[in-house]
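For reference, the structures are reproduced in the following blocks.
Both of the next two complexes hold chain A, though its partner changes from chain B to chain C.
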Partner chain A sequence: MAAWVKGGATDADAAVEAAATLLASARTPIVAGLCAELSAVRAAYHLADLIGASVDPVAGPALYAELGPLSRTGAMLTTPAETLGRADAVLIVGNAPWERAIVQEIAESVPTRGRAAGAERTLLSLGGTRNGATRHVAYPAEADGLAVSVAHLRAYLKGHLSGETAYGDLAKRLSSAQYGVVLYDPEELGELGVEMLQGMVKDLNEVTRFFALSVSDPYQGRALLQLSAWTTGQAPRVGFGRHVPEHDPWRFDSARQIAAGEADAALWLASLPAPRPDWLGTLPSIAIVGEGSPEATGDAAEIVIAVGVPGESAGGSVWNDRRATITYAPASGQATALTAAGVLAAIQDRLVQKKGASC
Partner chain B sequence: MSTLTLRQEPPERLDFLNVNPLSLSGLSEADAAKLPVGTSRRGLTLGDCYTISLDGSESLVIEGGSSRLDRVGASLDGGSIRVVGDVGQRLGAGMRNGSLTVTGSAGPFAGSGATGGTITVEGDAGDHAGGAVYAAKAGLDGATLIIRGTAGDHLGDRMRRGLILVGSAGAHAGARMIAGTIAAVSLGDHPGFGMRRGTILAGATGTVTPSFVETGTHDLVFLRLLARSLRPLSPAHADLAAGALKRYSGDLATLGKGELWVSAA
Partner chain C sequence: MLIRIQGGRVVDPTAGRDAVGDVWVESGRIVAASERTPDRTIDATGCVVMAGGVEVHSHIAGGNVVMSRLLLPELYTSEAAPEGHPFAHAGGSAAWIGANYARMGYTVAVEPAMPPANALATQLELADIPLLDRGALTVMGNDDQLLQLLRQREGKAAVRDLVALSVATSRGLGVKCINAGGASAFKDGMLKLSLDEEIPVYGLSTRKIMTALLDAVEEIGVPHPLHVHCNNLGIPGADESFVDTLEAAEGRRIHFAHAQFYAYGVTDPENPATGGFRSAAERITEAMEKHPNATFDVGQVAFGQTVTISLDILRQFAGRKGANPKKWIVTAGDAEGGGVVPFLYKPRGAVSSLQWAIGLELMLLSKEPERTILTTDHPNGGPFTDYPHIIHLLMDKEKRDREIAGLHKVIGERSGLCAIEREYTFSEIAQLTRSGPAKLLGLTDRGHLREGARADVAIYRDDRDRTAMFARAKLVLKDGVTIVEDGEVVAWRSGHTLELNVESDKAMVARSETYLQDRYGAGLESFSVPDEAFPKADVFEEVACLS
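Right, the complex of A and B next:
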């Protein structure tokens, strides 16, 4: 374990004291990143509540691309296990899903239960890879992007457009599936595209069974979304400035806040790997990062504290992509004494002590 | 006429939801100064940021705006507010009646959910002007939103009723539109993406999505009526409606009852 204050190595207690001092004097602090085990994310929300900070996870863009349509029009979703067990047609939209292990699992299995049991599985792609590693039928995307491509396809599915075209052929294949699934990455597809895709899935359910399966973001977004909901009753981007959790995805976008000069201190939490934000170090910042990560150095922020990495040097509840739920990941090696949740709780305790002393 | 005069740039975002002619009419200047407008733990009040002069009238002038001034005129139900300067997000959100004028520029979500009255932005507007905020069912919902300058992307996103008149706007204007009318000198790419019903009139557009189809040129009584209704607000937009237009029908990916009119000149 290691800690630095203003570039100089120090012990954890001194770093915690410095962090508490920095946050105590901030007018509009932000707590960002939150790519961590759930106990740490929970501690981060509690700390944000205490200091009146706003919260913005690094998984925000992926989460809100999905949450926007979900909050307005709903969604028809399935799980990886149901896809593997039942689907006789799987449409993969875009490039990003091809990097996930589930694509290979889908390609190497056939439906074993439900109405398509025993049938062949057809793998289709829209605007995705054309590599020869996985057998699939490829349909090119429109030059204007995936969302426009999905809209064009949906117009064929609804019968509003017709003709012997590639999208007309794809529409026929989807309609004739017994149990279809469309796999997509919400961040790649974007909010408008996700809503159009969900509308297409609902249209398909007029004639067959069809569901959507979105790949999860790699930054613990799905886990923290649940924690945010049960802790604040809101989606993740909330502010505690007025003593109640206010949800506002635009106002509490941390990159926007910092660019506009609205934030005067930041706490970056990433005990798991996450892309380092451009703004880290440009304003008074605290970085609580996984030990051994590139950010675990004295120059990453004004105060840096290296903590245990869940699944490696610490145990913790994290998102399990394959099971589509939160599961506990024990430490695979020797556990470190310093956890992200412990550090955040210590900062909170020091802040409470400071507040009590000032009364 | 009541006046609020900005002392200096606010140190944080301010929320003006409860600062309007009606809410100020029953207050003394000392009481008005105690209205909370801050959004941080510091508990900023109106008197911390503005010099206050009240006369109980239905007109309020805010001398000195800021891009940090959120929800100016939100839920306004009568009277008028004039801001000399800029405003932040959600200008006139949920407004029901009255008049709201900004001499500078507005942030995102201007006129979101506004059901009545007139909102005028003499400068530019940010993204989602007349568009729906997170989880809202509709954007502009019956009010009139006039933007003399340029609007950002997603103008009128999920708009349900009313009129948006704009100089130019970015991509995805009228996306997911439920109904209503947008008139613009020019629009960016993919106007009307996912629209169900409604009318978009534009002098020029960027790329039109392939789920819109051109249905030819028409001489409809509706267009003459539209031109007549636009003329008092903007002769340039009225001339656009009165000129030769190509009609596109869409978005065929959804209900397909929307129409996009683009100048044929």
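Right, the complex of A and C next:
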């Protein structure tokens, strides 16, 4: 176990004390990252409320590419297991999904449940990489990008555009699916693209069953989104400056806040791997990071505390990509004494003591 | 600590008690009157003393509740938090739910729709609801593993073992089926399903699936009867589905969810789909009287904006056309999935007015309030915070008439509500909200104030304005500890999540492990709800099966 204050190695108690002192003097702190097990994320929200911080997960860009369209129009969704078990047609939009293991699983299996059971599975791509290793029918994206391509495809499906074109052909394939799925990465497709894609899926359901499956962000966004919703009634980017959760995805974008000079302290929580933000060393900050990670060094932030990594040196509830739900990952090795949730709770306790002492 | 609640009107229909008297509490339990000097005396003069309220059907946790918050974030407003709990005034949050139930004198609430595939997330959310004891019903009836067993005619023992394993793994309190087979049928292209229609691929019907689950629940000895959401919710002629399902139970214990949404008789038999509906409350009431094995909760409508949440994706997909505002979510999940559709109950609208009237009619016609549980199917019919207003309407004919006068005239034309003179008594309200739901859930030490009961007690100032009276309890004890005073939470504590103590068959464990690994690439462990997943210890409390 390791902890550092201003580059010098110290024990956890001293680091917690220093973190509490730093946060106690902050006027507009931010709590960011939140790439961690749920108990730690929960503790982070409680701490944020106590100190009047704003909260912004590293998964924010991926989450908000979906959350905007979701709150404007809704969605028709399915799961990886239903896709693998039922889908006779899968359309992969863009390049990013090809990096995910599920594409290979989709390519190597056939539907085994439902009315399409036993049928061939057609793998289609729109604006993808023309991945030669996986057999599929490729349709190029238009020059204006993926979102416009999806819009044109939707127009063919609705009959607003017609003709013997590639997109006309793709539209026919989608309409004839018995259980179709479109796989996409929301961050790559963008807000408008996601909204158009969900509209297309809803249109398809006037004639068949068709659903959307978006690839999860790799930073626990899907798990913390649920916790945020049940804890604050809102999506993750909230501010507690007035001690009531105020949701504002623009205002509480941590990168924007720091660039604008609005934040005077930061707590970075990443017990699981997450890209270190370039602002971490630029303002008084605390990093609670997984032990053994590149950030677990004295120079990552003013105060650094290394904690157990869920699934490795700590147990924790985390997002299970294949199951598309929250599952518990026990420690696979020797559990460490210090957990992220424990550290956050200790900081909170010290802050409460300090508040009490100052009254 | 010995507590004497002194001089209140004690209402406990299970003991035939409705008179001024005392209630004694010690060590978290109701005790006999004591000769000893109490450590604390609570003056309940001018108050009504009841057991804590028990909620059997309220969508308070789970993936679809989360989705509803994201789809319609404007539904609730957040206010500045008071000292105490940081999130209790965050509208729609888990803490808000706990606080608002507690303020009304409720001490137990059950989430009726927990898919086993999403059990851990649901249980984590439930555990964050403060003040109350809570529980969840494990949903079955559309999952491929069960449907395969039935298709292969594997027999009652296999179904029983799978149901028991699912309840044990998800740590549920009971079992629910939601339009059994409907989600599967929807995924395979169907848009409507009745009790005996064939479900594609499996060659089953809702009747066959539900009957198998009814048998399994009896064999396991689940205290709560199978909780059934029938086919054809909310459409004219849904009363047929209700009565057919009631008869299909063939005397076995069965609980019907949100009966109001089924009490819709066809107005024009020649044009059932387009002729509209009329109240079938009398028909449902008569059918219930003939079937003492059955209970229902009401699903009363409250006017205003809400968001409907259901695992009945077949119905929710159909309901998308009525979404207000025009946005909706349907998820084809690993079994049921879920549908989230916003809806506005308009007080001047004919349909909403009639729905409102039918719910009240069902309660006012019932000769046995203990078998008629007050719910709004939160948030489907409206928020649970409308209970005090609904109680007011039940207890006060004048109030009812005043409200009817401001609503659509269809109430007089297509329901019998206007002619009903009945006013509920306090005892009947206690049956509707306390003793009835507690019995229904098999919680023998709740819902009453007899010796040995859990000291969950609600004290209300007796006020002719029943809305005000039941909205803010004067005092609420949970396990003998004061949690609410004058309608405000004074002690934030955690209750327990009630789980059924049920054993799993080892052979079914092995079989399910193989099935799940094949389907999900992960076994039973990934469906489990381990104690270590919770940020606090001592989350769960066991409820015994019937012997």
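Heads up, the rule we're going with is that the second predicted complex is superposed on the first by the 359 of 359 C-alpha atoms of A that agree within 3 Å, B and C clash if a C-alpha of one lies under 4 Å from a C-alpha of the other, contacts with A are read in each partner's own complex, and residues count from 1 in each chain.
Note that contacts are C-beta pairs under 8 Å (C-beta built on N, C-alpha and C of every residue); 3 or more make two chains touch, one makes a residue touch a chain.
Quantities reported herein were computed from a predicted structural model and do not represent experimental measurements.
*Asks:* Look at A:136 in the shared chain and tell me whether it touches chain B only, chain C only, both, or neither; answer first, second, both or neither.
*Replies:* So A:136 meets neither chain B nor chain C here.
*Asks:* Classify the contacts of A:27 with the two partner chains as first (chain B alone), second (chain C alone), both, or neither.
*Replies:* first
*Asks:* Once the shared chain is lined up, is A:152 touching chain B (first), chain C (second), both, or neither of them?
*Replies:* First partner only.
*Asks:* For A:43, select first, second, both or neither according to whether it touches chain B, chain C, the two together, or no partner.
*Replies:* A:43 contacts chain C only, not chain B.
*Asks:* Looking at the overlay, what does A:242 touch: chain B (first), chain C (second), both, or neither?
*Replies:* both
*Asks:* Applying the document's definition of touch, where does A:121 land relative to chain B and chain C: first, second, both, or neither?
*Replies:* neither
*Asks:* Determine, under the contact definition given at the top, whether A:350 touches first (chain B), second (chain C), both, or neither.
*Replies:* It touches nothing on chain B or chain C.
*Asks:* Could you tell me if A:315 is touching chain B, chain C, both of them or neither one (first, second, both, neither)?
*Replies:* second
*Asks:* Chain B or chain C: which reaches more residues on chain A?
*Replies:* Touched residues of chain A are more numerous for C.
*Asks:* After the superposition on A, what does A:71 contact: first (chain B), second (chain C), both or neither?
*Replies:* A:71 sits against chain B and chain C alike.
*Asks:* Return the residues of chain A at which the contacts from chain B and from chain C coincide.
*Replies:* Looking at chain A, the two contact sets intersect at 67, 71-72, 235, 242-243, 247.
*Asks:* For a test of understanding, state which residues of chain C touch chain A in their complex under the given definition.
*Replies:* Of all residues in chain C, those touching chain A are 61, 63, 65-66, 69-73, 76, 78-81, 86-87, 89-96, 117-118, 120-121, 124-125, 128, 144, 184, 186-189, 200-201, 317, 323, 327-334, 337, 340, 519-522, 526-530, 532-535.
*Asks:* So in the complex, which bits of chain A are touching chain B?
*Replies:* Touching chain B: residues 27-28, 51-52, 64, 67-68, 71-72, 142, 144, 147-148, 150-152, 154-155, 158, 160-161, 192, 195-196, 199-200, 235, 239, 241-243, 247-251, 260, 262 of chain A.
*Asks:* State the interface residues of chain B toward chain A in the complex, per the touch definition above.
*Replies:* 11-13, 38-42, 67-68, 70, 89, 108-109, 132, 134-137, 158, 172, 175-176, 189-190, 193-194, 207, 209-211, 213, 251-254, 256
*Asks:* Which bits of chain A are touching chain C when the two form their complex?
*Replies:* 38-39, 42-43, 46, 49-50, 67, 70-79, 81-82, 85-86, 113-115, 117, 178-179, 205, 208-209, 211, 225-227, 229-235, 242-247, 315-317, 320, 322-323, 325-328, 330, 341
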